[in-house]
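Note that chain A is present in both complexes that follow, paired respectively with chain B and with chain C.
Let's look at the complex of A and B:
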């Protein structure tokens, strides 16, 4: 009997059943299930706790599954401001409160129902998330500063006032700590305006005046600056205290006291004996030294299409989620009851919670963000003794006003668009003419396969180079303010080139920075070439048997990522603990305060960049030297030339064809060497060692996102380098 | 006045690579001495050691009686012309020639005089402002020579200067070099692998092989009385033919070979290597004896014909050079009988390969 063709016939009913199931199931789920997108930048234990809370919420609310997404911290704020208005943003996100004002004004946040839920949180945390008397976030956790004390090193009670602090420091200076009487007795990032908060408020000062305008220059703030300056001069506070230095000094017991936040716990060894106390109050005023408070909240996007679910999730995370976050993730949670119900509470966290009511929420007004950089600058200037507190604060106020200046008035884009249209039409006509002339079209047709091969690369270049370039240049014609771009024509360029905000000799003016950048480039390239060529000449001699090893060692600077190099050199140039000053002291010279003066700071940058740059020149020269026929130099030797004469008369002219392109390239790269300037000197002192590219960075990312202004800077850099390349290629052609 | 004395000169690289050993040479003032030999024989190394560009590992070099082993090149008052001319590419002809004088801080007008003099001697006066890349090979070579002349050194050193030129130009330059030597009268030491250059230019030739000096003699001395098989085969073109023969009562015999042994030859070993140059084999009967051969290939070179043949059961190659019109009837495979010119044969010891007869001066 023939077997029936089973498969074909029986498949159809199964298929129909499957399709029917899909049609029923999918709409069913899409109707009921509305996922809630949750964005955060947690890592480690905090992230674990959050994920578990998300799963818990999803279990309780199966129609509203939570989809958490971890976003890297640095990109977080920018991603939010760009994604939410366009509808691809999250429904709920966890962020610090400092940008609340910005976001509310940009219309990104949904107001929360003002019910009694908020009474369950610490008052200061709720205050942080309030704008114009409306609540915009449920407080999750908070961070502030406290006094950390090494119990094994500090005998007696922790100082409660600044007078007690100074007495303790004087006592330690006399007795010596670990056999060294020269150690500082307390450390914190004194150059950071955030860390300076306790002293600012302790001396009765503040940031804003009664009208809400930022005014830093007032007697109380000057007193606070004088205080830390005195501490540094007495040696009680270390010089140039970076975060890494503070951790090292406290951990290794060189300094028995430190001021830091709860994140410090994660950086110290778990068995280190220390305790946490309120920061000493200021004896002169009798006021407590209240630090700034940072609050992390769960905020709801105004564009969420599941407002009900989003608000419920945000509330859930803050209230029900408090206890797990407190015990597992060791967050200092804002929900008061958690401290009674949670299982294992870290005693340090408890101490921070005890101090929360005596903190001042960091102002969440947009203008606050323009205060940090100038404020920190003023601190650093005073700490290195370059200026008086009054002068420093005055300069800070000036910088704040420039950073918060109103945008240039909107201009009419019509003239530009008309101009571009005319150009475009002209270009099209010209192209059409050329095509018509037969030759070009025929050529293109016969080579059409070649164009096909070129197409992928051309597309890639267009997308990765031309499009960003065009967009970037276009942005220079706009002004960016709180999320909106306004066309302002060439106003940015006029501002920059006309130096309207600063005098030409001010370090923040374009021309000053241009001069510094040119000097930076010339000095560096000169040193790179000289050292590179000299070493190449030394290495090519046959009597250097260990040639291979030397070559490898000299290439190492090139191979190490340059930001690591920059950070290592920065450490070496540290005024108090750096290796360079240690060397100078060892041979009996005065230690140099490298970053306090322009020339020494410039020299530090140049040293680092030269260390990085000479291997490139050396390798190019070594290659070029191989191509010089030995007979040429022998002829010169027989002719009677000494080695020096041989070099200048014969070798160098033959190296020129190879060196010239290297010099041109090196010049361009050095001109834009952001890493070294940013990481080594950081622009110190007072932005004098900034180069154009790092200035552009600051305009874009630290001064209220003035993207248009920064783009104008970048365009000017491009034009300058374009002129440089054209000039040097002309020199190259002439010498070839 | 420039006499050079080389005693026991040797060169070793890296303690284990020996390039030259035991070179003894006396070069007279005004002599044109050629160092010739196959590739790798050490002639360029020897020249460079004289110049001071290579260290002398063994032996002494003395110029006019003064040992100069440790003297740097610029103090030896020598000028060198390189194979690749080694002209400074970024300098004009004038500047190239003036370079050495400028280094020695000679006055400008004196430099100009000397440069123009040398340029006139070499026919370069119209080319003084050109760059090397704008010159032909021959012109570049002349500039290289001019650069050397300008300094009026006591010795000229030439390192295969004509190797990079084409055959015609080479012939031309040879003549020019010879007349230059006559004009200047300076001692010249010349390295080449081309034995024709050696034969035409040299007052004396030093034949080098494997790092040793095999024979130092005048061109005719080397040609007529080579002291070894190597020198005999190296000098003369086309090269000498060699046949193994047995001495048998006044004749030298081998299968198909019966050559007359010249009188007063002296004691000989039972077996002897016979050397005959191609033009010493003819088709007319002589008293020198004959060789029976089979024609392999005939090359006609204008007036002459080179007949490549095979002799005996071993098929030894023998080349003869005769007038072209005489061999019209011969072709591949034809038998042919050559007659050796009277007294032309040379005799060598088959083992030591040293010359047995005729003997010249001690080499």
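Let's look at the complex of A and C:
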């Protein structure tokens, strides 16, 4: 039976009733369904396991559907600190405990219920997620370093002490296969302070003194540095050991032993025969070499609007989720019982779990984050033989004390506000005067077309560039400490410009870095333009039949994301295994230790950036060449001008209008080219090849989140570039 | 005028050498993408030993909990944002550059300087204020917000570039058009823009790439897996302790191929231009 058509008039009351119902129903249904946002940076199998648990939780609690989001690790911390306070953050997030202190002090985390018991978890993992005797997260899994041994290569037992380790290495060296510099007997990322942790504790040293202040320079720590330096000098440990190198050496059988964490399993071929053991204890002290423990916890946001559901989910992931995470994602889970109930436990994971009680939770105090960078620098300085352990640690202590120095005292913002007000009034008066006196207003009226053409770009840039910049720059007048900003006036600038912390000739001082940055910019832009223009000049000739293909191939460096290509270049510059030293060896030259000396390290950065930057200049030139009428050059040729004369007298002047902005802007971009410095040299040696922007980054993110100080760096970068561009435009006008 | 054959061969050999040096590091990216292992390749041999498409498959067939085909979403978002950025950026830039190139007006010099100055703002200080701004405008988790931010990032360079090119276009052409009674907009659209094709191609390519490769801001602003762009998805392979290099390399190739294709398609506009009338060699 067909339904009777409803006439329009009759439908209206129905519609109204329906709308009314909706109005009532909407709050009711949203009350019934409150989604729980879960942020993490898991990948692969760990992510799959988590997604499955999220589905499971949703099935059990249909009113609280879980919405997981995998955030790139690089952006994770920043995203949390911007999103949570503004209510856009997750309800629950999974993160390593390392930043717990920062987050608690910034008010991002909700404490867990006081009546919750944590007996079912490994003690060290609970301890890691505790701040000021309050628990802030359910421990999910832990990660620590261990000794990986290739069972097929290492005959006999895995070394239990450092003496046994050295004996094993000497034996392998004698037997011929190992011990050569290309065949080290053990590999780990020795230049990273995190990886050095076991030796620090094994030799009886550590990071903090009894008062909780970081002090690295002590005899025990010196011994540990001497130990790795000796291993390197004997050829037992590879030079410049990066994580990529460690993987390759172990995977390809060049080294039978490696020290690495559980993530190593995912990088190795599944059929590789290996086992995991405790890191050899230190014979000299008899102490175990205890690695740092990283605990991943399910943390609850303080701004969650569904606290009950959030805590329930965090608990669910840690407890009910433990067994699946253990068997599916091969996580070393913190929930003890899972090791009895899980269906399948990977033997390697079991070996890792057996070591958990002999680890030291990585300190979760904010001050620890100021230790990694100087600590790693000290290690690298000793490894390349540039300095003694004592001197290296002493300099590290100095760097730590500077990074943790007390914030400048709070200042009264009134003088600045008054000054700004006076300036603003002055500017207004000046503008009004000019408007009235001259014929500026008439000029402006007659040029209204110009303003119309200009308006879209000007408005958009004003709103989206100048507003955020002003806000960002204002931060330079503040000091940031654990989530609160204090107005300090110009203290940050005075400190930087006055080189209060480092003497002017120290590689870490502002002025030294500025000089390096200027040199970096000049050399790069020169090479970009020269190579780019030269290639473009060749590629425009019609007789270059393949020029379409050449052009397309030559822009490849610009097209491929530079994150990966920069790291490939870094690999090519490796001292022992890099392609460039291989090439040098092939033509009979000595291998160069690229990142041990300022100039070679600088050259490596420049080479990489030149490779990345020339295609852009080439494309610009190809475009600009089209504005040159061919007759001009033909005429010059007929007049008997040589190709070089033609280029400088005809082509270059015609290229100038288009090339000049590219050069100025290219200079600005190179000045702030963070990625290459950070990824290729990483500032080595001793931070000398750092440029201003990478220093600003380090102040903001690796040295106690000194956002104010970093913003002051950024402001100085801006002022410097501004001054330079004004000066250069003046010179241009004079020469024109 | 065709040069001697030996010279042609010599130049070609030189270009082949330049291409080889340029492509050498990129071969590693291809090698890593085609190797099933997730390790970073360090051997000097840039050619793959084994060939497998598993890394590409992982990227292409990724699905979320609701069964959404993620790669499709990412690609779509990237294309939408990049094309919109290009359109908006080039519009902003050509109009503004025209004003700077052809008009005399109070504030011209300072305006040019201000555009240049925006490029000097280090990104470190911009991300969080931009987040707050987009949040206030309600554009935080949206393609519109991202497009606006990207186009303003690209505009200053494009303005300078276009102005430089406009300056080389002889003014007589416009004067003739004015004589014919054409208005400012007509001259701009019908006379100037067609002549500025090479510069338009360069700025379009630049705007497109600004949006196409950016991931830090996108990762900070977007909070929904289906609204991610390709580089954000790609950056997720970089982890805390280790990176899935095979998948990252596969993604890097997928990201760079459209740029190269675009350049290849557009490059014929880079030649031509004002050479008409000249004696071609």
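What to note about this one:
Here is the rule we go by: the second predicted complex is superposed on the first by the 548 of 736 C-alpha atoms of A that agree within 3 Å, B and C clash if a C-alpha of one lies under 4 Å from a C-alpha of the other, contacts with A are read in each partner's own complex, and residues count from 1 in each chain.
Keep this in mind: a residue touches a chain if its C-beta (ideal position, glycine included) is under 8 Å from a C-beta of that chain, and two chains touch if they have at least 3 such contacts.
These figures come from a predicted structure and were not determined experimentally.
In the superposition on chain A, A:565 makes contact with chain C only, not with chain B. When the two structures are aligned on the shared chain, A:711 is found in touch with chain C, with no touch to chain B.
Taking chain B and chain C in turn and counting the residues of chain A each one touches, the greater count comes from C. Applying the stated contact rule after C-alpha superposition, one finds that A:611 touches chain C and leaves chain B untouched. By the document's definition of touching, of the two partners only chain C reaches A:267; chain B does not. Using the contact criterion defined above for the overlaid structures, shared-chain residue A:653 touches chain B, although it does not reach chain C.
Looking at the shared chain after the overlay, A:631 reaches both chain B and chain C. Of the two partner chains placed around the shared chain by superposition, neither chain B nor chain C is touched by A:414.
Judged by the touch definition given at the top, the superposed model places A:644 against neither chain B nor chain C.
Common to the chain B and chain C interfaces on chain A are residues 629, 631, 634, 654. Residues of chain A that touch chain B in their complex: 629, 631-632, 634-642, 645, 649-650, 653-654. Of all residues in chain B, only 51-53, 72-74, 78-80, 82-84, 86, 88-90, 99-100, 103-104, 147, 151 touch chain A in the complex they form.
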